[in-house]
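Across the two complexes that follow, chain A remains constant while its partner is chain B and subsequently chain C.
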Partner chain A sequence: MVKTHIVKFVGTSNFKMFSNHMATIVRLAAQQQQQQKRGMATLKAISIRLKSVKNIQKITQSMKMVSAAKYNRAERDLKQARPLGVGTKEFYEQAEIQAPPEDEKKLVIAITSDRGLCGAVHTGVSRNIRDALLADPKERENTKIICVGEKSRAILSRLFANNILFVASEVGRKPPTFNDAAKVANEILNSGYSFGSGRIVYNRFKSVVSYAVDQLPLFDKNAVVSAPKLSVYDSLDENVIQSYLEFSLASLLFYSMKEGACSEQSSRMTAMDNASKNAGEMIDKLTLTFNRTRQAVITRELIEIISGAAALD
Partner chain B sequence: MSAWRQAGLNYINYSQIAARVVRQALKADLRSEALKRDEVNVKFTQWKDGKPASKYIVFILFYLVVL
Partner chain C sequence: MATIARNLRPYLRYIRNQRRTYADAATVSNEMKFTFAGANQVFYDQRVIKQVDVPSFSGSFGILPKHVPTLAVLKPGVVTVYEEDGSVKKVFVSSGTVTINENNSVQILAEEAHPLENLDGSAAREVLSKAQQQLSSATTEQDKAEAAIAVEVAEALVQALS
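Entry: the complex of A and B
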């Protein structure tokens, strides 16, 4: 019963880091059980396990504290970055830009980070891309993927290794800066891959407890120039549009990276909270079994002494 | 066509240089705070034919060929 509980604990809280550690403990405990038969002698095994679960709870609790502090900062940053993304999106909507149907080349940018232990933040983004590409084999052929963060690389390279254009790593240790986004944008422009349309897939932050996978559109210069309602904007020549598109690519990336970082921290906070709660439950159960076993050992020893004494009479 | 584009820069490079100059022109107490926003952490790995084309691997291969 205890063992299944451990499996549940590891599974629900996404515990890759500790699962190895836990597996060895479980194995050790099983060996001891075999050596010393079932029953009283597992007292030591239980106390070892109890101690390790307590340590894990301490770790998850402090990780929660850390991510709570980081989350506060990320949310503050996000508020400042929001106008950049919303403004750019508004331009695309007002001008009613549409991707030219004849140009099939597409670009998908997955915004994740290098760090795990934060629930389904990274899988959500990767799954969105995976479903879109698997649904249409033609699209799969004509789409290139850019992975921002090692986590999306790990998931997407399994299925779409040939589609990956480049990977941007070292994301997520520190809050993203505009220079980070500018560098990614620059790398995209210099990669020599020309795409008709594209999208940025990221996690949009809603509140502390919720986020959703969302996407931002990207367009080529030709699509913008031939947009039907571009005339609502005044004095646009080729140079302005080119410069604006370059800048908007960087600012959209920056905005989505901020949104992603914020949802990641909030999600890590809840994940670590759940993990601590699960560990607490486990500790309660283990303490109970520990005490019960100890009681049983005492009772057995008493019975042995008493029956030994009775045999002498 | 503007001079910076003729020099081979795009708008991102141009605005980055402008931002750096502005940060350097700030007063000392504000500058230290602004310089924190100037850093870049991202690193890139190019992928080719479904494999990461690392510069490091090229470097090792180069060594193997030379030695």
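Entry: the complex of A and C
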């Protein structure tokens, strides 16, 4: 049918016209063929697509349910962990500890997880670190990164492969425990990297629909010892401060992991809810086109039958 | 008379206000804000209490309001909290930190903390014997240290429950 159309077209035009319009004709023919093809196969194609979108919607819906359950637990856990983190931070604030300016070595800990499909949770943390490091080449040289979770590693290793000290993976499948935090803290202490100051970059959970990238300060023993207000504190010796800081590091990590896990689950819940909604919209549109095409096919077949019958008379 | 009262009102208010802030400040400094949290649960969050006794590596000590600011590391043992209404609460802690700040706030942060009534004496003795076995069979330096810590905690547990 397509071929005959072209022949007819060629027949009406002279040779010069033909060479001029060669490209247009070829394009037109291709377009028409495509349209024709789409018109013929749509019913089947649409129903396949419809089915796959429905399946995707089912998946996103169940993922939403799962993360809603996980989120509930994470929020409950977070409530229990918050005083631990806030209490640890209190000392740093009360003692007014500042990083010694002469020590340029820094440590950044990115708290993310291994799992995706949760909005901008991981990119937010990674972007915060990336922007800070890219803004100042000196800082880039003196900063080491610790990635908790594969997602931050995937993003940060592209730009700062040399700065990564180590990566903690297998995060996010289960809720974080104090043991996980202690393991990371231990690894930091055993890595032999001495830093003047540092920060933990994590997502602070605000409510089900909102979280924000936040940071917690970290200090080395030297920074704490040289803090001007430390003299207020009574009967301190090296050992006590050392153990105190080690424990603080673990509890700060634990707290930020809990915050991160809670934000991640809540964000995944919203993301999956949106995905289900979008899939629903798509299903509505596809059903509409499916029914329209079905009717078109029926009408066409009827016309064919009727005109066939009329031709016989 | 009315004019005098109207003229005086702002000044009177000033005096009243001033006295009130003074009283508030006084009460704040006499109370300690006590936070006691383990990784698994929170016992007190910024609550006012009378006294708390803690076991630390530099010796056990009691904390009353207006304690001198200090830092300490918790030893496995029992933290005893004396609440405002006179009731006493005993909680076993494995390790952690004690912070007493200048603003009269006290934080006890523990790795693991459980109320004494939730712990079982026979199970504790079992843990102790297991830990002692581990200590005797440990070969490497690190294993020995880990087993020694386990024994220490278990001993404190048994002692706390007996």
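Criterion: the second predicted complex is superposed on the first by the 274 of 313 C-alpha atoms of A that agree within 3 Å, B and C clash if a C-alpha of one lies under 4 Å from a C-alpha of the other, contacts with A are read in each partner's own complex, and residues count from 1 in each chain.
Heads up, the rule we're going with is that a residue touches a chain if its C-beta (ideal position, glycine included) is under 8 Å from a C-beta of that chain, and two chains touch if they have at least 3 such contacts.
Just so it is clear, the model here is predicted, and its values are computed rather than measured.
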With both complexes superposed on chain A, which partner does A:Ser235 reach: first (chain B), second (chain C), both or neither?
second
For A:Phe178, select first, second, both or neither according to whether it touches chain B, chain C, the two together, or no partner.
both
Now for A:Phe247: first (chain B), second (chain C), both, or neither, which partner does it touch?
both
Look at A:Val167 in the shared chain and tell me whether it touches chain B only, chain C only, both, or neither; answer first, second, both or neither.
first
With the two complexes superposed on chain A, say which partner A:Ser226 touches: chain B (first), chain C (second), both, or neither.
neither
On the A-aligned overlay, A:Gln295 touches which partner chain: chain B = first, chain C = second, or both, or neither?
neither
Partner chain(s) touched by A:Ser62 [first = chain B, second = chain C, both, neither]
neither
Quick one: classify A:Gly87 as touching chain B (first), chain C (second), both or neither.
second
Scan A:Glu187 for contacts with chain B and chain C and give back first, second, both or neither.
first
The intersection of the chain A residues contacting chain B with those contacting chain C is 177-178, 182, 239, 243-244, 247, 250
Complex interface listing, chain A residues touching chain C:
79-84, 86-88, 90-91, 94-95, 177-178, 182, 229, 232-236, 239-241, 243-244, 247-248, 250-251, 254
Partner chain B, residues of chain A touching it in the complex:
148, 157, 161-162, 164-171, 173-174, 177-180, 182-187, 189, 239, 242-244, 246-247, 249-250
Sites on chain C touched by chain A in the complex:
35, 37-42, 45-46, 57-58, 68-73, 95-97, 99, 101-103, 105, 107, 109, 111-112
In the complex formed with chain A, which residues of chain B make contact?
1-2, 5, 10-13, 15-16, 37-47, 49-52
